[in-house]
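In the two complexes below, subunit A is the common chain; its partner is subunit B in one and subunit C in the other.
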Partner chain A sequence: MVEPGVQGVSDLAATLPPGPARVRRSVPGFALLPVPALVLVGIGLILPLGLIARYSLAEFDPADIALQGLTAGNYLKFFGDPFYREVLGRTLAVAAGSTAACLLLGVPAAYAISRARSARLRSALLLLAIVPLLMGNAVRALGWMVLLSERGIVNQALTGLGLADAPVRLMYTPLAVTLSLVAVLLPFMVLTLQSVFDSISPVYEDAAATMGAPPWAAFRHVFLPLAMPGLFSGSLLVFILGMNAYASPVLLGGPAFHMMAPMVYEQAVEAFNWPFASALAFVLMAATLVLTVLSSRVLQKRYGRL
Partner chain B sequence: MSSIALTEVTKIYGGQATVDRLDLKVREAEFLAFLGPSGCGKSTTLRMIAGLAIPDGGHIRFGARDVTRLPPYQRNAGLVFQGYALFPNMTVAENVAFGLKMRKVGKPETAERVARALDLVQLGHLADRLPRQLSGGQQQRVALARAVVYNPEALLLDEPLSALDAKLRGEVRSELRRLQRRLGLTTVFVTHDQDEALAIADRIVVMSAGRIEQTGTPGEIYATPANRFVAEFLGMSNFLPGRREGPGRFRLATGELLGYGCEGARAGGHALAIRPENIRLLPGRGAEADGHSLSARIEEVVYRGSLVEYRLSLGGGTLTVHRRNADHDPAERFEPGETVTACWRAPSTILI
Partner chain C sequence: MLSRLLPPGAGFRLAMGTLAVLAFLLLAGPLATVVWVSFFQGKIIAFPPEGYTLSWYAAAWEMPRFRGGLATSLWVALAATAASLAAGVPAALYLARTEFRGREAIQSVLLGPLIVPGIVAGLALYMFLIEAEILTGVQFAQTMGGLVLGHSLIALPWTVRLVTAALVGMDRQAEEAAAVMGARPLAVFFLVTLPAIRSGLVAGGLFSFVISFVDLEKSLFLVGPGTTTLPIAIINYLEWSVDPTIAAVATAQIAAISAVMIATDRVFKLTRAF
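Then we have the complex of A and B:
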């Protein structure tokens, strides 16, 4: 008698918004709990950010790296030079492409994990999704190099099977960078999606089915709109990580393939041009931020509050 | 509308038959209630009729159509879920329109049918609300409108009233029954609440452990339970242990010989069942009475509003007696410790 009641309540709860009725317990010192994290963020993020902001407006003197002058020249240099604009465009394209690929691959995978019938299968799939995270980006990029290089396994297989006469150029292509990025970022997408999918009761899909919706229609008209917040946060996470990718473009893109994050490093560490490196960093951040806000606005209009 | 026929339907979970060779026919436009304790297989049976679970054996037919292996979306049944399962991101009208959209019904016709369905449950004015802006009773009615808007062959209800508070439940129950009659819907209703089943159904199927214990009208099942399980599950019963001593004769464990009205269809013959409201109390020991009587002592008096419940002890057993609490004879009021005579007429007892 208890079981169906509980089920009913939880189903009902799924349709209710997390209202203000939730009572917060007042514990002495409760307000102090976030202070350590705030201090860390304050010292480790806000302060350097302020410094970079200032540096990005400084004048560059190769003979003297001390902070000097006040100019918009670094930004003018960036937006005035088609080379740099192209780097930003490429970075955006790679990040967006990786995000799209992660969505395309991640949604079915996360759905399968979330709706797996047996608990054992579910844990096994979840573990598989996490395994790639056990390796660092650089190690993984190295692995892709072994696979994709001129005498790598893929080319050996292609020529061995007679599918190609000469080794195909795979390394140092946008495809290689995107491939390795997708491999790095997919676990983040799958894990984010899976946790959101789990919170969507299968009863909605059952209801759709009894009303005449074949599985695909139920997925498209009922499940996907409910999963939109998850799709958005997963995409956001992957997009931001993609925008700031470093190891993959450096190791698999080669010296001629420029993306923003490696370029910040080059300017700061190799050219010692801190002002321009700072400006690059700010452009990268601003681009990410603007796109994030814009996309959430558009999605909110379409699907309500995310 | 069509009838629903289940033949030898079986469902096995974890090596155990949750539903065990169930045979049942729901007639056209009939309101049938599955009644049983949780885990008796009633919800599983409903899910199999809806197509959300596939039987491991047997057949399910809607009219002449064998739907045993058909997926839910090809069955054309309407299901109201326990928690309603209204799509939280769609308005009331969009929820109701969903089944029509899946059937590729044109826009103008959809709008018209949605409006009619919402009027049927008196929610036309809330068409543009989201489910979370509605009360529980309103959500329940949207779920109902959503399930009947596409003229399903069967309406299936999975404990649809359990999430409502007691007062609302009665109202919604009557409304549901009126709607079902008006639309002539073949309806299967799952509940663990005996009052609900008695009040709403044309016929009740009492289930336990995956099997049917008894099928019959509410009156039949209440008045002549087939066995002890049904007698205990529906309403209250007193059980007087003993054994059958020939047709119509029953020897109590304490020695008295009693008659009885009828035998339960699946009686074991080890007890007589009698409802608390069929016993009268007379003051004093061995009072003169028509029918049977036993002397007993009042142990407890429980005031229950419209009735007074007396708990009696007699010869090692106990007896519960309900008397109407209308302006009845003050001579029929008793206090704990009093000795009384409990009496009843033989036809109101059943051999179980």
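Then we have the complex of A and C:
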């Protein structure tokens, strides 16, 4: 999958040959080829983003949606109100927790794919990671709703094994949201890590083993440091996607569990407060962007260019 | 004591193996559950099931919102795929064959829809379409046109990425040979280049289709009465009830997408797209 701004863009650039474009250069109209795509992105994304940037600085009048006024009020309202600060904090916490869990599960899973003994096992495990990714979030959230409901499999197992006397409330808890989010985001982590792990030759682990290092030490001191850039870009991607999650908090968190993305939707479509919805969207984007830049600075200092 | 009895490194392998198995269970479990539950006999989902039936598939098919959602999703995905190929293939050709310095900037713009979160991009496009409506008096928001525009954007980066990769990977000598023999640029493109990048085109098209078909976040803002996509119809239903009918709908979607992916895998190894 593509890592927003981190690896996808630079990887693709690296694959382009610097060689001269001998044949095409003389073709008339060649420079016009990217124009339709650029127009599409311009009309469908860049102009609209400009519009909501302006709207986030507008005044809200419930009787009139037309753009009016110039004020920082929407942002002040967000940061001045403990309720909204808490929503941002919860969003950050859920995204960070999901990222940590994705790392804990994703590293062994990607390692299993990358070091699989047979090619068939390898492609079977890879498909197991790719297939859920392409099924959509609605369908996967449904799976968790069934598993975690009061009479769901998890509760049946708990009461059946005598671990709980009565069904435990699992739905509409932060745990349910995080669990379903981890499952949604895990393929991104596994696929990012697997491609990085593949590029690390097993020779290094073998060398460490020959020198007498036990497997854990070889993994910890030889393999993981080499894999650090991959761990970083995978975590970043998963964190960004986690911050912007919609289906999991709405369906498994219930109406009392507020996160940023669902709140953007509520403010825009239900409250019809476009200025505040725009400001929320920009806070969400900015929080993601700032954390991305900060963390890549810290990691670049430590591990060199990623 | 135990560690003395086991071969060295057994603890490490056991821990890694357990976590990996847990990861794959977390990935496959929810989908397997959905498929299983869609055959349950009882209207209220309870484990273990009272029995099995196929009747929920018929019930789901009878519901206009799911049939309508399926039709909308299919049309939107087809149109978005066509649009993303029509705009994306020329752009990929340019990116793969130019030495222009601004190439990386153009590339970042074209991959931009992947970087901007779906919910933000959806909100922005929705407000933009309504503004355009106020200016021109023509309805744009909540129309098929608006949905297709939004979906072509999320599909475009996939087409550009996969087709550019195919163009970079192909053997350029055939193109040059054709040009030397006097073939005009358009003839070279249609007779030599396009056939050579066939698998990239198929992959770009099918990925565009799937990405559009399952999209939720961006569509939220763009759907309206009569233009509701299948994932939105599913999520709207789920806010009120969870029953085998919706599991049947979801299973149908799983089956449809699996079919598309198996077809893709025959011409283009899925694992290469990531």
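Here is the rule we use: the second predicted complex is superposed on the first by the 262 of 306 C-alpha atoms of A that agree within 3 Å, B and C clash if a C-alpha of one lies under 4 Å from a C-alpha of the other, contacts with A are read in each partner's own complex, and residues count from 1 in each chain.
Just so we're on the same page, a residue touches a chain if its C-beta (ideal position, glycine included) is under 8 Å from a C-beta of that chain, and two chains touch if they have at least 3 such contacts.
Given the structure is predicted, the values throughout are model-derived calculations rather than measurements.
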| item | value |
| --- | --- |
| Subunit B versus subunit C as contact partner of A:Ala37, first or second or both or neither | second |
| Touched partner set for A:Glu270, first subunit B, second subunit C, both or neither | neither |
| Subunit B versus subunit C as contact partner of A:Ser201, first or second or both or neither | first |
| Which superposed partner A:Leu45 touches (first subunit B, second subunit C, both, neither) | second |
| Touched partner set for A:Met211, first subunit B, second subunit C, both or neither | first |
| Touching partner for A:Leu104 - first (subunit B), second (subunit C), both, neither | second |
| Greater subunit A contact set [subunit C / subunit B] | C |
| Subunit B versus subunit C as contact partner of A:Ala247, first or second or both or neither | second |
| Residues of subunit A at both interfaces, subunit B in one complex, subunit C in the other | 1-2, 4-5, 8-9, 12, 15-17, 214 |
| Subunit C - residues contacting subunit A, complex | 8-9, 11-13, 15-20, 22-24, 26-34, 37, 44-48, 83, 86-88, 90-91, 93-100, 103-104, 106-121, 123-128, 131, 134, 149-150, 152-153, 156-157, 160-161, 164-165, 168, 172, 175-176, 179, 185, 188, 210, 213-217, 220-221, 231-232, 234-235, 238-239, 242, 246-247, 250, 253-254, 257-258, 261, 270-271, 274 |
| Complex interface listing, subunit A residues touching subunit C | 1-2, 4-5, 8-9, 12-13, 15-18, 20-25, 27, 30-31, 33-34, 36-38, 40-41, 43-49, 51-52, 55, 66, 104-109, 111-112, 123, 125-132, 134-147, 149, 151-153, 156, 180, 182-183, 186-187, 190-191, 195, 214-216, 219, 240, 243-244, 246-247, 250-251, 261, 264-265, 268-269, 274, 277-278, 281, 284-285, 288 |
| Of subunit A, residues touching subunit B in the complex | 1-5, 7-12, 14-17, 201, 203-204, 206-214, 217-218, 221-222, 225-226, 303-304 |
| In the complex with subunit A, residue positions of subunit B that touch it | 37-39, 43, 50-52, 71-73, 75-79, 81-89, 98-99, 101-103, 131-132, 136, 139, 146-147, 150, 156, 159, 162-163, 192 |
